[in-house]
Amino acid sequence: MNDPVAPDSPSPAAVSSSAVPPLLELSEVVVRFGGNVAVDGASLTVDAGTIVGLIGPNGAGKTTTFNVITGLERPSSGRVRWAGDDISGLAAHRRARLGLARTFQRLELFGSLSVAENVLFAAELCRRQGGTVRPPVVDVAPDVDAVHETAALLERVGLGDLAATRAEELPTGLARLTELARALATRPRLLLLDEPASGLDERETERFADLLVELAADGLGILLVEHDVPLVMRIASRVFVLDLGRILASGTPAEVQRDQRVIDAYLGAAPVGEV
Amino acid sequence: MGDSGLPPVGDPGLASVGDPVPAPVLELRGVRASYGRIEVLHGVDLSVARGSVVALLGPNGAGKTTTLGVISGQLPPTAGDVYLAGRRVTGAASDALAGVGLCTVPEGRGVFRTLTVRENLRMATYRGVRLAEVEERAYGLFPRLGERRHQLAGTMSGGEQQMLSLARALVTDPEVLLLDELSMGLAPMIVDDLYQRVRAVAEQGVSVLVVEQFARTVLGVADVAAIMSTGRITSVGSPSAIESELSDAYLGAS
Amino acid sequence: MEDVLRYLVIFALQSAAVYAVAASGLVVTYTTTGVFNFAHGAIGMIIAFSFWQLSSSAAWDLPVLPSLLFCLFVLGPAIGWLLDRVLMSRLGGASTITTIVATIGLLVALVSIAGIVWPQSQVRRVPDFFEGESITLLDVNVSYHRIIALVAAIAVAIGLRALLFNTRLGTAMRAVVDSPDLTALNGANPRRIGSVSWMLGCSLAGLAGILIAPELPAFTPVALTLLVIQAYAAAMVGRLRSLPLTFLGALILAEIENGLALAQAKEWAGSFSPSLGDLAAAAPVLMLLIVLVVIREDRAALRPERFGFKVPRPSVASVAVSMAALVFVAAVVSVTGVFAVGTMNELGKGLALGIVMLSLVLLTGWAGQVSLAQLGLAGVAALAVWKLGPVTGLVVGVVATAVVGAIVALPALRMRSLYLALTTMAFALLLERVVYGENALVESFQPFASGNARADRIPGLEGDTAFFVFLAVVFGLVAVGLTVIRNGHFGRRLAAMKDSPAACATLGLDLTVTKLQVFALSAAIAGLGGGLLAMWKVTSVGRTDFALLEGTLPGLPLVLVAVIGGITSVTGAVVGALLFVCMPLIGSRVPALKDLMNLAPGLAGIGLSKNPDGAVLQVAEAIEEARAARADVDPLAAPERLGTDGDGTPGRITADEAALLDDELGLSWHR
């Protein structure tokens, strides 16, 4: 269940020799809320330059898994490793500084800021990392490099014309693109996307998918949680199926689609009487 | 329609024809709904005939629970209408709808976890039945609940909680029963048992709308099944006809 | 031994009984409606004063028992019902900050109403029940009143227990706590249940107020209203949920207070300078602070709270121009002397307090952090200016205020708005009672406590005219400076933190550092305002300038007025400052309006619950709308929502319609 990423991914960057630890590795992660177990020993890996899908029925623990990876939730047990280093105890903002970025299923844009400011903010933060905390009073001059990078990112995701629009006024599709641009502005090595296609129409989904493939080709690792399973099957090189907090199956999209356990997990087992 | 809240309009054209097909007890027409700026239902049409079990299936995120939310008055639709026995009840409040026989067993947590079994049943008396009667019938349906009447609902097993939730719904003689993901987190045996009881009340004339992600668990008891995907109903038909389309709807064409 | 018995058993039990009654009312309302009623004490105060009005021989002199029954079973529920109707129906789904502002508005309004109806010129007292009668228990005289208080508390405890566990209504009240949605799905109306709990809560507040009134050193609206701090502390021990723990909290608090009083009576601590009895006055505040810090209500730390404030984004240039205009007007007014000296005094105070309001614009308007302690913090710098002279004092004071502000923020870093509001309120009261108060820990602060501290002005600016213009210049500079910060990276950080803490953390922002910075900076600005206020007032600086509820321009109304002016913009602070000084001014000029002007901040705070954006922004928006109506509609600005607006509000089914549906569906239970 916890095999290393198969070398069948489209990007040469992902052909990992066994000596290189995966970019992200989750091992035996358990999350309990009171008496409920949301994640029950999930393990998975993501390599640089690959798109990995994480799918599963409602309540399978996908978003909780994301929260564990990004540090918003502490696992009850289990480890999160980043390029081989244990980061299980690291605060969320420190993980972000390592190159871990994410988007949110329920949009978490900074609504009162413009599209450009959302991205610029992330670009500025990224440049300030590790530096000393500057007193806020003198921290007012715009960072020229960050501004240029913001402009380039907005062009790349196709938001160039909307730079000055307040984020809360954006329709869903454009808001999701803004979140993506903002995440990219932190110069991540791994991008976690939580339901990026929900609320997008077909054309927008297409464009989004193309963009993700492009990004992976540039060497970015992407972990994708998505209800639109056909989309995941199309662009992911490897798919993990989460059910009741456990990894039920993993493999190439074709393998997973044929897996009877996966079909049962999604459709439910046939009624007892008919078995 | 008028602004009196609940105009007694219905659709006289349909209802008064007197043809053998009875008017549906529950009907949705062109319902759209949004969470904030995100529209999640893009025009849903659905009807449930008296005494039938209709299964609403589909992958998660399709809008099934939202549809139930609109029917039960928890989320006002942005467009379209909901009819109960031919009367428009669009936007009526949950408690008012519950008072006229629309009963909802919500997803996952259908019980008050910090109340005892008995106190949970007491809440059912808001629909006009006496506590003694509620208890008698509930414990008759599920003797296990009687043994645990003084236990906090939150400390019972998932199956027992679901029994309680269902019992509370059934004992008040609802006209329309809405069930959301009854099978969530339960063993197949228990799910099967619960759905057999649902089938039984439907035979007595209760109209049931079941939302299930795990489609196969409910196909056996449904009269009609509908598949929902991305906020629309994509197909409606007999359970056997629908079953063949399920794999595609959930996992994409292989 | 007798004294020990008297203090630790009899006195303590009586106090505990009253606190428990008050706190249980607070808890019942909070758990069933989700609204923490800052005005709980004020409601008890109004009912206690009404009881005085009915029963006192100095007023209507009606029999005691009917008066009491009327207050508890008619007046209390009526107030609760009215509040639910007027306030709660407007607060449905409102942000926490809005409910805080609205209930504080209610508190301030009730205190000023009481001041109008029962003027402070007259000394009142409420007699004990069965005054003078007592029984002797173990050699100690126990008055009937104390026994009644204890019996009342026990009755309340038993009654609440019976209500909550043995009736359908009580079951439904607990069910609402568990899940309001599920309660509605069961056919019970959560709004109606909320209404009942308001009625119950107000009656309990009234009972507590009436029981404690005879024991107060002074029967005044403010004293009674602030007794709610004891209730807060007790309720917080029960985490605003558990009634038994709330009763325990009340008992602990009462034992501490009376233990200290006993120690004082026995002179156990010898001639220890701050007398232990004075420490007893600070005990509830300290206990509230400690409990708030210890319980660490931090589960919602990364979930954004909705604020409902729109934040305008003026450019630095436009703010600079308006501030230049402000300075110009100030100079003209000051030099030409169009206003009388009294008016100028008020206007100068307004400018200094305006700077304190600017600190709220930064902290609350932009960073989304609530603080009720800004005016109290400003007093730290005023103390420094008085003690250390104008220049050194101002510098030291501003730095010290920043440090104190950061210290207040430390426990608050992960708190939700409600707990933040309570913590800062407790801290402000602690400063007021222990540092600035007549019982101040430091004896040499006495002149400050009595309001006679003398502050010098900065050399070269001794004249009123020069200093007035200087105040305007400082205000303008702070306003422009804040706008510069706002439009830079730090401003983006604040907006981002307010809009989505979770996204901030996952982008690499250290929320802790950012919050500490903004609390410190905001406190420093408040300190600057406080120091300048001390200099402006010259001879009569003191505690009442920096108190929470007492004095001419207290801290709670300051927060309200800042919100009314518009807490999200620096120009809003100008409006707020003007309102703050003009209302009493108008009141003193036009006697007919005096009462109205006293009431205005409280009423406006309540009124804001519907429109939390403040006056400035509402006007700006109206202008914007008028313009937009003429111009073409921007397709992007149009919401994505499709379909008709319909009658989006949930309608109610009338009884007739229900009967009709019953009929239609053939329902059988209404036999």
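Order as written gives the chain letters A, B and C; numbering starts at 1 within each chain.
What we mean here is this: contacts are C-beta pairs under 8 Å (C-beta built on N, C-alpha and C of every residue); 3 or more make two chains touch, one makes a residue touch a chain.
What you see is a predicted model; the values in this text were computed from it and never measured.
Of the two chain pairs shown, B-C and A-C, the one joined by more C-beta contacts is B-C. Here C is the chain whose Cα centre lies closest to the centre of all protein Cα atoms.
Chain centres here are Cα means. That of chain A falls 34 Å from that of chain B. Distance between chain centres (mean CA atoms), chain A to chain C: 43 Å. Counting only residues that touch two or more partner chains, chain B has 37-39.
Shared interface positions of chain A, defined as residues touching 2 or more other chains, are 171-172.
Residue positions of chain C touching 2 or more other chains: 640.
Across the interface of their complex, chain B is touched by residues 165, 168, 171-172, 174-175, 177-179, 181-190, 639-654, 657-658, 660-662, 664-670 of chain C. For chain A in complex with chain B, the residues that touch the partner chain are 57-59, 171-172, 195, 198-199, 227-230, 233, 244, 254, 257-258, 262-263, 266-274.
The residues of chain A lying in touch with chain C in their complex are 70-72, 91-97, 100-102, 104, 108-113, 117-118, 120-122, 124-126, 129, 133, 135-137, 139-143, 162, 165, 169-172, 182-183, 186.
The touching residues of chain C, when paired with chain A in their complex, are 302, 304, 310-311, 481, 484-485, 487-490, 492-493, 495-496, 498-500, 502-511, 513, 517-518, 521, 636-637, 640. The residues of chain B lying in touch with chain A in their complex are 37-39, 59-62, 108, 181, 183-185, 188-189, 192, 195, 212-220, 230, 246-247, 250-254.
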